[in-house]
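Structures given as structure tokens follow.
Next, two complexes with chain A in common: one pairs it with chain B, the other with chain C.
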Partner chain A sequence: MSIFQYFAKRIGLYLVVLFIGLTITFFLPRLMPTNPIDGYISQIESRAGQSLRPEAIAALRSNLEELYGLKGDIFTQYVNYLNRVILHFDFGPSFTNYPEPVSDMIFRALPWTLGLLLVSTIVSWIIGNLIGLVAGYFHNKRSATVLEVVGILLYPIPYYILALTVILVLAYFLPVFPLSPTFPAEGLTFGNAGTILFNSALPAITLVLAGFGWNILSMKSLAYTTKEEPYVTYARLKGTSNWKRMTRYVFRNAMLPQVTALALSLGTIFNGALLTEMLFSYPGVGLLMRTAASSGDYNLLYGSITMSIIAVATAGLIIDLIYPLFDPRIRNR
Partner chain B sequence: MIRLNNVVASYKTERGVVNAVDGVSLEIPDGCIVGIAGESGCGKSTLMKVIYGDIGFPLALASGSVDYGFSDDSGKPVTSRNIQKEWFKRISYVPQSSMSSLNPVIRIRKQFLDFQDQTGNKAQILEQVKSYVKKLGLPEESIDSYPHQLSGGMRQRIMIAMATFFQPEIILADEPTTALDVVVQKSILLLLMDLQEQMGNTIILVSHDMGVHYQVTDKMLIMYAAKAVEYGDSEEIFQRPLHPYTRLLINSLPTIGDDRAREGIPGRPPSLWNKLQGCRFADRCPLATDRCRNEEPEFVEYRPGHFAACHYADSEANLSEVS
Partner chain C sequence: MKIMKLRPQMSGTGTPEEAPVAKRVKSKGSPLNFRLKLGIVILAIFVLGSFILPFFCPKDPAEQASYLKNLPVTDKHWLGTNSLGQDTFWFLVFAIRNSLQLGILVALFVTVIQTLLGLSAGFIGGWYERIVMVIIDSFITIPLLPILIILGALVRGNTTFLTVGAIIVVFGWAWGARTIRSMALSLREREFVNMARFSGASTFDVLLREIFPYVSSYMVVGFINTILFAINTEATLAVIGLSKVETPTLGSIIFWALNYNALFTGQLLWLIAPIVSSVLLFLGLFLASTGFNERFATRRGVA
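On to the complex of A and B.
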């Protein structure tokens, strides 16, 4: 398999995943017994009393069907849906913020979520793996065992308990960070970057800690087994320094499965972000989804779900595409 | 001259402590190729670890010492306690498997420069490395490759290049060719012999293949159940072996024109966990007497430079009966 075949395979897989994801988000709501338009119309009817004539209701229904892509048989709807989503990134208008297009709302929220997730995931991966590396490499040293205990303690804690504990400790007992963060309405600018970072610290810390346990524990066992590989023993017998053996020999090899695992775990990271955004009223896609779900804003809900599928799949693809940088066995055959 | 003084090396395990090398004393003159032979589990690799100074849990040097016959930079004589500072400068080793002994994700070039206290101009050393690997019959570019891009024979040549680059006084090789096919094996052994002749260093070579010992070594050590049982010039040993075990090992060698399958030596070596008394080979020895079963034979110089541990090493019965 050449490097091109590797890329072609990954990109092909990516497209298949996207296609399946989009198809599922299209069909799932249509399998539900309730129709969003019925719900919307009955809402309007109850508000307007009996004053609406049947013709007006029929016209409204036809308009809504047009707007929400529910016209025609299911196959026509499906083709239209794919066409709109893939070519125009159009999910129609929002119910709650009518007539603002859902895609505008998502694009406003997306940088917040991506910024928080990317930074906390990368920080958690790097620090967690470094701690795990030291714990595994020096497994027979007592001080290194302490590092492993950090992982053992953090790993089983459910995310919401961890988050609440961090809030209690860092916002209540030691009020370092604000209990409820405030974010400037105009979004990220050069001037308010500091405020945003400060207010994002608490959610970021919870996400970093949540990722720690797994990163520490799996890197610890990877480093521990890699250390026994003949090439590490040979390097030791060659007189290679401890530092070089730990970094260039053990880490460079043990990190490979961790990179793959990162791509696989992105989905769960996204779940964590939903909870985080609710807990911290953080203005990202997660908060948008919650608003959409609680107010019955179908377009917004499916728009954000589709967007999350695309984001997670794309991040996974990017990791897959940079993986050959770390593994020459895939890069040069 | 390398001198082993009553070396006892033991492994600490959950079952207790076991002596994998149990009182070996030898003198190895400078500039020769010494072979170590014996069945699997008799302590060959452990003895190599001790000589290399790779002594760490679970292995311990229970007693005895190793002197290498040279001094370090500060003039102190080098023993197994401070030989580690000389690794790959004055003592080096060729590992068994070149595939698993090279880091798969970094270039050979970098692994070449990973030695301890690497000082000096990197580019300059790299030039020297390049011309050196060329001398060993490898393309210069091979050091820019990753291990998986080279063939097994080329990789083993790289291992030999690494082990000989600094022209160390001592080179240890523990079954350096077992992972290779026969043709490549031969060229690797010839390369080692060639380099040894040019540099005049001492090579200690472990192999379970008596044919290799016959072709390559100047001197031989035969081990059995953690003990040295015979040591001397290879030619002597092959022509006039003193120990019945050596004789059986040699007889297990196929000879040209003889297609009969050679059976191994019947029976198995005793477990080192048992309480061992007398000669450890007695149970399998065709000549064993009550004396052998009760009294441990000493390692004695029967002929000049030719040692053996057998009560009947020089008896006529031994010389005629086993062969």
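On to the complex of A and C.
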């Protein structure tokens, strides 16, 4: 029974987080002093010179308000917004690519982001935790201290610094990878898979390195404390091999908090991925947000932001829902 | 918010609940451990350097075309001048000072907010705690950068440096509040707290005399972590051009260097100098916070 309670609780939290996230994205821009419609109108006015009559501008304003869901009082707008976003995934048309719907542009960019993020997060989690496991399990060896120092050096360094350092080292001083990557516009096909992988290498390396620091340090201290547990001592006295104790006894238990930590830090990792995409011109959601922000395409901006909140919350939910597979205590309570 | 590695409040010692109290206390030999010493030395150099040197600066480093453009390193321009005709060294000094000031200011507010919310959630409990926890969890789960991008895009141009700080405060308190609340939960059940209660101490007295000494050392750790987080977040926004990029900060140098293609024009120092100083500064902050945590906070057995 209790596993169902666990699921119900987790799904409830998911819905609340989604609701709060969507509410923040709805209200924040409306609390700001600037109004996108004024921006559009002045843009159109400056293009048209002085030739627009006030009636034309008023008509334009009401059309734009209709189009961007700004009609009516704030409560109606809010209900309409939730309705459109949740039921139809409809974020309206893009301003710069009019009349292409924003959702199409986002769904084109999303696989790029997901591919990069999924691969680099999994690689970084597995390798980082294995390094941390070794560093914690053999904590009295000198080489373990070296591994920990790697973690300490990597952990506090922010994504943009890592990205720039990776560019400097691997594209400038040692020109292994291209300084300005190119990505085929048509997306992944059999023919260009190699090009895409080659050009995605630098952003992926950045994200993997960024994940290392936390995974190494945290796993190191977890492995160190787990190693001192009585059941590990018992296994040693029983004659279990060192390798088996490290993987089956220490790692299996120390891994659990790391899975939870991964679920909690998804937002952080996602932020890093967005920033990395911007710095490497990688055609994912991050780049979309940057172009939208710099060209004042607010529908595209809100759309990609809403989608990323939904995506991150859903990924966290998925991790928590498969967590009972790793932790029998929740499964058979 | 490590934008940002957004896990600033989790110290390097791993998940706190797992730390065995008895074992940790043993390993404390010297009064100050190596990490803390190294961290303090690095921070002292940065703080003293960036707060004293500006008094000797010949002219406002943010002013463009003060010098000839793209000068190499000479004894007059220690790091050369950039493509905007600014002295790279002085720009960097002011950048470090501004970033530190912003970080300290944000950290002050964030520390107060997260302590109040965390402690009250842990002690009052009930519906209040549930609501606070849901808000905390949402703030942790919701990716911060997209929201900052919206705000940056909307206020761009007429933002001030302080507004950027205020926005970071609003979104920066959740991790710390979560940690402090779990500390409060574990403290609530301790013998000495019950003892104080039964001896007739009011909730306020219990909080101030019994709980605060335990939480205060974590507040220092959280404070340092928040400085790191705030500097990072501002720099991240600046790098993508959404902060007040005219103000010298560790991020705005990189913004200008990237915008003027410093890599292609061979202006390497313009890019490498802020990278090296950021790495050193962040390392100093991180070492100080984990060193302090190891020396003072975990010893009490709650953090």
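Going forward, the second predicted complex is superposed on the first by the 332 of 333 C-alpha atoms of A that agree within 3 Å, B and C clash if a C-alpha of one lies under 4 Å from a C-alpha of the other, contacts with A are read in each partner's own complex, and residues count from 1 in each chain.
Note that contacts are C-beta pairs under 8 Å (C-beta built on N, C-alpha and C of every residue); 3 or more make two chains touch, one makes a residue touch a chain.
Not measured: the values here are computed from a predicted model.
With both complexes brought onto chain A, simultaneous placement of chain B and chain C is permitted, the two fitting side by side without a clash. In the superposition on chain A, contact is made by A:P230 with chain B only, not with chain C. In the superposition on chain A, A:M278 makes contact with chain C only, not with chain B. By the document's definition of touching, neither partner reaches A:P184: not chain B, not chain C. Look at A:Y172: by the touch rule set out above, it reaches chain C but stays clear of chain B. Within the superposed three-chain model, A:S294 lies in touch with chain C and out of touch with chain B [touch as defined at top].
Once the two complexes are overlaid on the shared chain, A:Y249 sits against chain B while remaining clear of chain C.
Residue by residue along chain A, chain B and chain C are tallied for touches, and C comes out ahead. Of all Cα pairs spanning chain B and chain C in the superposition, the closest are 9 Å apart. In the superposition on the C-alpha atoms of chain A, no part of chain A is touched by chain B in one complex and by chain C in the other. Of all the residues in chain C, the ones that touch chain A in their complex are 1-7, 10, 12-15, 18-20, 23, 134-135, 137-138, 140-147, 149-155, 158, 228, 232, 235-236, 239-242, 251, 254, 263, 271-272, 275, 278-279, 282-283, 285-287, 290.
Here chain A touches chain C in the complex through residues 13, 16-17, 20-21, 24-25, 28-29, 32-34, 151-153, 155-161, 164-165, 167-168, 172, 179, 210, 213-214, 217-222, 225-226, 228, 257, 261, 264-268, 270-272, 274-275, 278-279, 289-290, 292-294, 296, 298, 301-302, 304-305, 308-309, 312-313, 316, going by the rule given at the top. Per the touch definition, chain A reaches chain B in the complex via residues 140, 229-231, 233-235, 237-241, 244, 248-249, 252-253, 256, 326-329, 332-333. Of all the residues in chain B, the ones that touch chain A in their complex are 52, 54, 57, 84, 87-89, 92-93, 95, 97, 100-107, 110-111, 114-116, 146, 148-149, 162.
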